[in-house]
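One structure is given here, and the rest of the page talks about it.
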Amino acid sequence: MVQTFFIEEPLTYDGQQLTSLWAFRHLRLQGDSIVAFRGACHVRQEALVDLADHLDGAFIYSPDMLHFLAEHFESDLEKGVLRQRLLVTLAKEILEEILGIAVKRRGDDLFVAQKKLSVSIATVTPVSVMIHFGLNVKTEGVPVPAVGLGELGLSEGAVRDFATRLLAAYAAEMKEVWLARCKVRGVP
Amino acid sequence: MVQTFFIEEPLTYDGQQLTSLWAFRHLRLQGDSIVAFRGACHVRQEALVDLADHLDGAFIYSPDMLHFLAEHFESDLEKGVLRQRLLVTLAKEILEEILGIAVKRRGDDLFVAQKKLSVSIATVTPVSVMIHFGLNVKTEGVPVPAVGLGELGLSEGAVRDFATRLLAAYAAEMKEVWLARCKVRGVP
Amino acid sequence: MVQTFFIEEPLTYDGQQLTSLWAFRHLRLQGDSIVAFRGACHVRQEALVDLADHLDGAFIYSPDMLHFLAEHFESDLEKGVLRQRLLVTLAKEILEEILGIAVKRRGDDLFVAQKKLSVSIATVTPVSVMIHFGLNVKTEGVPVPAVGLGELGLSEGAVRDFATRLLAAYAAEMKEVWLARCKVRGVP
Amino acid sequence: MVQTFFIEEPLTYDGQQLTSLWAFRHLRLQGDSIVAFRGACHVRQEALVDLADHLDGAFIYSPDMLHFLAEHFESDLEKGVLRQRLLVTLAKEILEEILGIAVKRRGDDLFVAQKKLSVSIATVTPVSVMIHFGLNVKTEGVPVPAVGLGELGLSEGAVRDFATRLLAAYAAEMKEVWLARCKVRGVP
Amino acid sequence: MVQTFFIEEPLTYDGQQLTSLWAFRHLRLQGDSIVAFRGACHVRQEALVDLADHLDGAFIYSPDMLHFLAEHFESDLEKGVLRQRLLVTLAKEILEEILGIAVKRRGDDLFVAQKKLSVSIATVTPVSVMIHFGLNVKTEGVPVPAVGLGELGLSEGAVRDFATRLLAAYAAEMKEVWLARCKVRGVP
Amino acid sequence: MVQTFFIEEPLTYDGQQLTSLWAFRHLRLQGDSIVAFRGACHVRQEALVDLADHLDGAFIYSPDMLHFLAEHFESDLEKGVLRQRLLVTLAKEILEEILGIAVKRRGDDLFVAQKKLSVSIATVTPVSVMIHFGLNVKTEGVPVPAVGLGELGLSEGAVRDFATRLLAAYAAEMKEVWLARCKVRGVP
């Protein structure tokens, strides 16, 4: 059971949120969860957990993003990456339906017309696996060619509706994945 | 490294292929693999590993399908289901690009205009996790409202091209998932 | 989330129930579960999964037992044995409260005044770990010095109430164990 | 094989002992172990690993406790919590026998007549899972309604005897749990 | 703790011994173990668990072998293969010391002067991982160029001494491997 | 697939290299790897991850060593120790062939004529298991009776050849271990 929550207050994502039990400490959500919030994104180079980015001297910035932060209390990081890909896939599927345009997924990134819509990372804590997934709403100052949900025509309310829908879709998909595992017999 | 192979000879899928080391025994592929082949699909009730279907007295039939059979030498069935969902997602993404129409994914099923395009199952063997994913090419006699790749306009050659492309896409996605797991540091 | 269910119809336990997905196949409970039922117990030597008993030429018999059958969709058998011990402990704690007498636990067995009240086993299936725990209600023909819930003064209704209470207690304990794992940070 | 040791010298528990390889570094016990010692308990808020307590601004204090510190070289925290519950259960069973009064277990806490007798936590280190379990001997200054082994009538020697007995019982139970896992065949 | 045992009575190895809990069922050894015995080796094609051999139509035969059968109650087959390689390595090291000649290891095989001295396989059961390792004593009828311990000059007593020494060395190495894992702290 | 690399520039090993993703951060090797380099070894007491050494007040020093640093993206430390033993075994086998003298392995140490040739440790990071294995080339100032590859007659070029050969042998052995796990069926 993945619990879901949308935080109404804006919150800047600076990488510190990618710490175990963040949702428990701030929202008292105990167990697997995915939460969403709006706010700027500014992860300095030294806070990057993606060492490929870190080594390239990159940083992550967006003036306004829709953030998703998921935590699963298990320890297999590769499995966490698989969950992350499904989260990104669900975002793509929902956005295509809402916007009526093609959204391209490459690994854990979304693009619209070759412009980067999102950032994402999955990593491991001593007690869990965590995923951050952020979609640009606005793109001033983003260090790569980017596109945002706002420019794509989503109103503030529509961004929030999308968030709610993705939260529910992710929780439902994860539940269904678990149930799929609980209905098959083994084979030789 | 997921190895890929397309079997040129037609082969009826009857559920027996969902057995450990099938690709090793028949193709000498040793290690993780995904293979594709064409042929009818006929899984009798007693051979179903999906007990939900089994209990419903269901059977699986299609006169002509494009089959994918994947094997990963690991033991976490839920992780296998996550891989399966990505395989189905990739099929959807590629088909949408080829056909220019919307393909709807619900869990591990694909639909076009509410008609069922595919069947899929993931299960566990004593030494591995396995996935079967079959897409209708023709649909005479399929026991549910169904659609096939042929009716959607794919020629024989196009079906084969699609197969080759999905094999490559799945292998690439799985490789990338692994690499994503090998570039992040842990967080507290 | 461990689902619970009490089967009203009597059912003889002969060891066949210790098979993966029993609760799904018979009750459509999908996911972790514990179910209870009343009925005789007759496990012939060749059906014993406890090889220590099997080698001793033992069999398990009781004319009337209260049975519990739990399934957890995970693969660590030792962890299943730990869960089993807690199930037996909870039965002891509840019975002591109901009966006001001392119930002695030795491993996975319960005794009252040196007489055996219960049998239990935990084992592994290709997709799950399973526990059987049976408490004698009557003891005619039991091959060891035994005592039953009936002789201890529990009426038919009281046996059922005990069953309901133990089902709930086990589900609650397992939930709490999970939550306890979801509230601590790691240490160096 | 869980090794056991009683440390004769008093030792204040301040949370630092909940660190991997404590028993190896201080007692040269290599491998799974449980050690006991007497001493005050003072865990400041910032040293709490239970974030539920931490968030409540709680601290843990007792002027005199009997402490148990267990370490298992494995990584499944939920399994560690299951072991912890059995440790607490064993303490309850032994105390009831020694004292002839009812000791109530709620999760990982023990109570006598609604007063709290113990504190406990299980967590994970990079190389192991650890359990702390402390039973009040005296209760002056304990921040919740509490009871101690001294007030319950245990002499200094009796506290030590209880410690020795619980150490042995825990090691025996863990051994038996392992052996139970090594005597069953799998089922379908 | 790996228990060791040498079975004095001759016993033909036909592959049936590679079944979970063999040492428990026949010797009442409960837990990880390695046992040794002397006897012919005849594994028919259909009993081969090595599908590479099976597919080649191979069978395994030797008129007289020294057999080792190890069982570890864990589920990671690759880890079992690593243990197997160390068992084979220890055999090589001890034989070189006893015989004063070079013994060549290639994977899980031993050779003397290009002649095959041994056969070995590791596989998984529902409850454990198992290893068979057999060294030729005599070689009449062996289907590949082979050499035996007898031809290398080992007397009956020396074969038995070697067996005893390898049993002890394997148990010691496995214990030391475990202890090595119980003395290091984690790193970032 | 274990990637291999020989770093031409000398590099002092001070324990900091035993950190996750070292090869990725310095060489952009992504995934399992083993790298070799030459240089002094100086691990101060406080940097020791082997707490047995640490507690003995030991430090590790050599003026010139051939170092191997392996990383596997998995989390079972005991499995890492098994891999380490095979790495040390391979070094022994290759050196014996090159030098024509007996090299003695005791656990993870190599000796020539009772003199210590090597040091080694395996430990765990948040995302991987790592192995350091260093062989003395020169021995001035080594705090225990020691021998070096130089004194054993290996020229600079021969040391490098040995390094290259061990890198390849380790990668090949690990690949073969994996393949051995991918060719067997399970047994009951």
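First chain written, first letter: the chains are A, B, C, D, E and F, and each begins at residue 1.
Assume a contact is a pair of C-beta atoms (placed from the backbone, for glycine too) under 8 Å apart; a residue touches a chain by one contact, two chains touch by 3 or more.
All of these numbers come straight from a predicted model, not from anything done at the bench.
Looking at the partners of subunit A and subunit D together, the chains they share are C, F.
For the interfaces C-D and B-E, the C-beta contact count is higher for C-D. Two copies of one chain, subunit E and subunit F, touch each other, and the residues they use overlap strongly: the shared fraction of interface numbers exceeds half.
Distances between chain centres, each the mean of the C-alpha atoms, put D farthest from subunit B.
When chain centres are set by their Cα atoms, the one at the greatest distance from subunit C is F. The mean-CA centres of subunit A and subunit F are about 39 angstrom from one another, to the nearest whole unit.
If each chain is reduced to the centroid of its CA atoms, subunit A and subunit B end up 27 Å from each other. Spacing of subunit B relative to subunit F, judged by their CA centroids, is 42 angstrom.
Looking at subunit C, residues 20-21, 24, 30, 51-52, 75, 77, 124-127, 178, 181, 183-186, 188 sit in touch with two or more other chains.
Screening every pair of chains for touch gives A-B, A-C, A-D, A-F, B-C, B-E, B-F, C-D, C-E, D-E, D-F, E-F. Residue ranges of subunit A in contact with subunit F, taken from their complex: 51-52, 55, 75, 77, 124-126, 188.
Contacts from subunit A toward subunit B in the complex involve residues 18-20, 49-52, 76-86, 89, 93, 105, 107-108, 121-126, 130, 173, 176-178, 180-181, 183-188. Of all residues in subunit D, only 1, 20-21, 24, 30-32, 73, 125-127, 178-179, 181-186 touch subunit E in the complex they form. The part of subunit A that touches subunit D in the complex is made up of residues 21, 24-25, 28, 30, 75, 126-127, 185-186.
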